[in-house]
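This is the structure I want to talk about, given as structure tokens.
Chain lettering (A, B, C and D) follows the sequence in which the chains are written, and residue indices restart at 1 in each chain.
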Amino acid sequence: MEIPMIYYVVVSTVMFFAGVYGFVTRKNLLAILISLELMLNAVDINFVVFNRYLFPQQLEGFFFTLFAVAIAAAETAIAIAIIINIYRNIRNIKVDDLDKMKY
Amino acid sequence: MEQIANHIIFFLLSAVIVVCSIMAVTSRRILRAATYLLFVLFATAGFYFQLDYHFLGAVQITIYAGGIVVLFVFAILLTSKLGEKSDRISSTKRAWGLAAALLGALICGYTLCTHDFFPQFAADGEVDMKTLGHALMGMDKYQYLLPFEAVSILLLACIIGGIMIARKR
Amino acid sequence: MNFLSLFVLIPLLMMGGLALARNMKQIRAVAAVGSSLQLLLAAVVMVLFLQERAAGNTAEMLFIADTVWYAPLNIHYTVGIDGVSAAMLLLSAIVVFAGVFASWKIDPLPREFFLWLILLLIGVFGFFISINLFTMFMFYEIALIPMYLLIGVWGSGNKTYSAMKLTLMLMGGSALLLIGILGIYFHSAADGNLTMNILEIARNNAIPHEAQYYLFPLTFVGFGVLGAMFPFHTWSPDGHASAPTAVSMLHAGVLMKLGGYGCFRVAMFLMPWAATQLSWIFLILTGISVVYGAFSACVQKDLKYINAYSSVSHCGLVLFALLMWNTTAMTGAVLQMLSHGLMTALFFALIGMIYGRTHTRDIREMGGLMKIMPFLSVCYVIAGLASLGLPGLSGFVAEMTVFVGSFQWSDTFHRVFTIIACTSIVITAVYILRVVGKLLYGAVQDEHHRSLTDAVWFERLSAITLIVAVAAIGMAPGWISRLIGDSMSVISERILQYI
Amino acid sequence: MEYSLIILLLPMLLFFVLGIGGHKMSHRTAGLLGTGGLFVITALSYAVAAQYFTQPRVEGIYPTLIPFHIEWLRFTEWLHIDLGILLDPISVMMLVVITTVSCMVHLYSFGYMHGEMGFQRYYAFLSLFTFSMLGLVVATNIFQMYIFWELVGVSSYLLIGFYYTKPAAVSASKKAFIVTRFADLGFLLGILLLSYYTKTFDFAVLTSGEVSLAATTAGKTFLGISVASWAMALVFMGGAGKSAMFPLHIWLPDAMEGPTPVSALIHAATMVVAGVYLVARLFPIYVTTPEVLTMITVIGAVTALYAAVVACVQTDIKRVLAFSTISQIAFMMVALGVTTEMQGHGALGYMASMFHLFTHAMFKALLFLGAGAIIHSVHSNEMSAMGGLRKYMPFTHITFLIACLAISGIPPFSGFFSKDEILAAAFEKSAFWGIWLSLVAGLTAFYMFRLYYNIFWGEEAHHEHTPHEAPKTMTIPLMFLAAVTCVAGFIPFGHFVTAGGYSYDIHLDWTVASVSIVIALAAIVLATWLYMRPNDKPARMADSMRRLHTWAYHRFYLDEVYMFVTHKIIFRRICEPIAWFDRHVVDATMNLMAALTQSASYRIRTLQSGRLQAYATVFLLGALFIAFVLLCVW
């Protein structure tokens, strides 16, 4: 177990900001959602890593990740339901076209 | 020896995560993006295994890789044609996204690298399932019954919400 | 709760009645009965007031009642009246009474119209009976808000614009006012027992001069906006032109008086020192108002615009006279408020009735109405004559009191402005006669107008009520002038001691 | 003499009855009611006059009585408007004049206005006028006078505009009201100044010498003229407006658009002399301000000459009479202006003025009523439509001739006596004014006879129907007034109305009188030569003085000047720019503020684009910025 903690953290950072990039640039709602999952996942890694390396006696990070996964699942399900509903309505899931509630 | 293997596995997983997450957000084919996501999630699970959180790794694979990605794939298949490429991203948008991402990565990386953590390498390895079960179902300090219940209610709400939203009117 | 609170309670009951009313007939009945009761009440209060005074009660305010509303900030609901408030209450009741009959056939949404109108009444009556800054300000705001809907929904012409403009400008004024009132409140007592009660503030007389220096303009301008002081008067022409008849009547007749009333009751009474120091600025502005409004009225083509500018001129005279500080001029100011309130309400009622028939307010498109609708035309002539200050009608009494009072200052500044204000009587004659000549005399301009009918009973009732009131003040001004003079002398003496 | 109150109340009551209930009455009822009421008032006035002038004098003068008096409106401790009745020689004289003429006019109108639309309204207005005019003359204080002054103004306005469908009448009424209103502004300011210094409105106090304007304003000057003079000059301005003194006279000729009896009552006999009455009423103060008296003299003399010249060339008979009225009132003004003291020789003008006021009221009313009868029969105001009417209208002819002789100053008719006193007073002051007025008197005789010959002699015009004599209701007043005109000159006026109140006998100054008779006769002969038989001499004469004739015919273009001032300067250069300024500067500022707020909101609104990704970017960049700042701070 001599892999330095910083390695994990750097990887998760790259993953997170890849997610940010995707979130900002993609037009497809599903792609945005994918980016979102990336970010969530990066955060999960951080929790786990910090738990393991910094407070190995406790399980806060572990459980946080566990619940985050559950919530992510729920959130994705709802998001996809909404996206499909939007698709039904406007035959399109481009985020730019969703301007009915603007202003 | 084991150390070196561990390192090699770690670097492999890292490479997969870095490459696939970048591919996931840059690929113009949405189905491919989902696939890259799947790889990322698997690699993450690998990390968890490596850190001796086997239960978490299993959860990651079953829920994320098994559940969510499948949902994504269905959704993608429902909403777009196969082989359809998304539009090119406008350069200003890309510039903004790159700026945000790179700046963020820079600042975060700087902070992480300059911050002094005091890692204590975990000695005990694997977390025992019984401990987990007690922590999840207990009501004492460092036990998580309340969040557990909250999540279950959330999931229930999600089920109902999902049905409500997806229901045909 | 003493009987003064009935002024607020009756409208509340009327609102309840309207909510229950099932058809037009019942709505009208509620409105008519309620406004008659209100008129009766105002008359009774006036009689009681005079009796009390005759019995030798010389307190500043009579019938004071006080209820704690919010103890931590020492906010009370305090009511009480002096001669001026009694007169203003009577004026409001008369105008409201006439206004209800003038909007007898309001369409559409009669119930809602009367509901808002009555909410307006609550504000107006509440304002005049309050002697607490907080309640005063609250009722003031209550009176302003319904205007927006009344003009915006039931108005004519460019109504949304006008309603928005009127509301925003008046709200802007009340924002200044709020700062002023808060400022007064925080300086209201030297010993830390802050109060909102006007009488107590006046008794404490604790507002430091440097605070008065900025609080006086804030409150004066705040109320002055509603009193159509130049250059904050521009809501008035548009607002009046777009408002429905009863609303124009109430607004010009009563609501604009809130401005003048507040100016002396709050700004000048509570901050007499600043009044003596700063009134020259406002004297110039109001002096301009008087002539400026009159000149502008000379070239307008829309009846309501003419009247609105004439209101600017007349209300300018109110503020002008108030700033002359002496009892005579200030009495004249209140008389002018009464007189202007009545005759301008009459004007707007008649314009509404004429507009309701001819569907135009452009004086170039009308003519010879005297032959077609003699009753309305005669009333219009009477209103015009009252406006240009014919003796025997109220305008003369008010203007002469103002001029005589203003003339008691012999320095050049006051003299010059008094003379400028006096010239308005000539200009007023010009624009009034211009309208009368074009509108009522001459040949019939539009053949379609020949088939129009004269006023019907409720319109006649409305007009006659106002004419009787105008003539009553004009013919027997002695008692009302004495009544007002007694109350105003308190304020004027308070100011004059600082000269 | 408490019953004198009825003289005031009855016409007011009549006004309300006729005004409110008139349209339900028949013409006959309304007319009878109005006329009957006026007869009662007249009788009462005569009774008052008889009782007043028969009462014993106190220290040689008739006492001033105040039989009725209430406080109406109190301004300050010392200033208050009272309503009351003040009886002194001039007010009693005015009562008689007004009620007599008004009564005759009421009676006359019964025939003249027969069948007109608005007959009841007409009588209501006449009652209003009578009420106001009576209130004016019996005023106990200057503010009461101002009140009734305004009321006569408005009744005049209503009566001039009686034919409200005629645009000319409407604009004439408007003009009359506005011009006099402008003058009243001066009057009001004068009252304010006067009362500010003397601390009273009361005539009794003002004129008795208890307070002296000169003393209270001593040392105070404005633009080099004493404040007392300013006050009195401003008061005179009001009088000049009502009495149509140059240059405020322009409303009077136009006022002839009203019904002719109205012109007779208001614009010849009563209201227009209110200015003279005002000056006479305040005369004890005016004598203390000689420069104002000089001004009055000059204005009067200029007006007299101007009006006489213009009257010579007018063709509308009512206009001729209107200018003649202006000229005659100017005579009265001059007479007051040349009075220099309250007693003695210098005080003659006051009596002369009042005397002329009295006689002029009678014969000018007669002239107007006669003109009314003529217009009634030929349906035109123009001289060209007349001529040779003496055969058809004998009564009118004779009475008109009597009036013409009276105004020309031929003995033994009343005008001779009063005008002679005025000339005498003018010569007393200076020969210049005496000669000036004699000249104007000659012109008067000339234009009156020009009028007379053009109407009753000369070439007969073609009439659509034969002119006929007026009905009895119209000729009776004519004959009555003619009779008064014949005998009024012999009233010993000096015993009743004089400046100081002391009685004296009037002596005819035969040098002055004979000169004026000669001038008048010469003028009449000239007029006879020119106009009695149709010929081309008038045209030739007009040609020889073409420019003067044209200018006089257009009244020296004063109306145009006024039009220019009011329309081009006041409306175009003041009112319209102000209205423009209001809309485009003041209001625009408000709108600009609103527009600025609105456009700013629109700008900001685009930031709130609804694009989630933009929000996320901005959010993230913001967060990073904060993080960066924190890092740097650490």
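Heads up, the rule we're going with is that a contact is a pair of C-beta atoms (placed from the backbone, for glycine too) under 8 Å apart; a residue touches a chain by one contact, two chains touch by 3 or more.
Everything numeric in this text was worked out from a predicted model, so none of it was measured.
Traced through touching neighbours, the fewest hops from chain A to chain B number 1. If you take chain B and chain D together, the chains in touch with both are A.
Of all chains shown, the one whose average CA position lies nearest the global CA mean is C. Taking the mean of the C-alpha atoms as each chain's centre, chain A and chain C sit 65 Å apart.
Note on chain placement: the centre of chain B and the centre of chain C lie 72 Å apart, centres being C-alpha means. A straight line joining the Cα centres of chain A and chain D is 97 Å long.
For the pair chain C and chain D, the distance between C-alpha centroids works out to 37 Å. Contact of a single residue of chain B with at least two other chains is seen at positions 93, 96-97, 100, 104. In chain A, the residues that reach two or more other chains under the touch definition are 20, 24-25. Multi-chain contact residues of chain C (touching two or more other chains) are absent. Taken together, the chain A residues at the contact with chain D in this complex read 20, 23-25, 32, 95-96, 98-99, 101-103. Against chain B, in their complex, chain A makes its touches with residues 1-11, 13-22, 24-28, 30-31, 33-35, 37-38, 41, 44-45, 48-49, 52-54, 56, 58-60, 62-63, 65-67, 69-78, 80-85, 87, 93.
If you check the complex, the residues on chain C that touch chain D are 165, 168-169, 230-231, 233-235, 238, 292, 295-296, 298-300, 309, 327-328, 368, 370-371, 374, 385, 388-392, 396-397, 400-401, 403-405, 407-408, 410, 418-419, 422-423, 425-426, 429-430, 433-434, 437, 440-443, 477-478, 481-482, 485.
Residues of chain D touching chain A in their complex: 605, 608-613, 616-617, 620. Residues 3, 6-7, 10, 14, 17-18, 21-22, 24-26, 30, 33-34, 37, 40-41, 44, 47-48, 50-53, 56, 59-60, 63-64, 67-68, 71-72, 74-76, 78-80, 86-87, 89, 93-94, 96-98, 100-102, 104-105, 108-109, 112-113, 117-124, 127, 131-132, 135-136, 142, 144, 147-148, 151, 154-155, 157-158, 161-162, 165-166 of chain B touch chain A in their complex.
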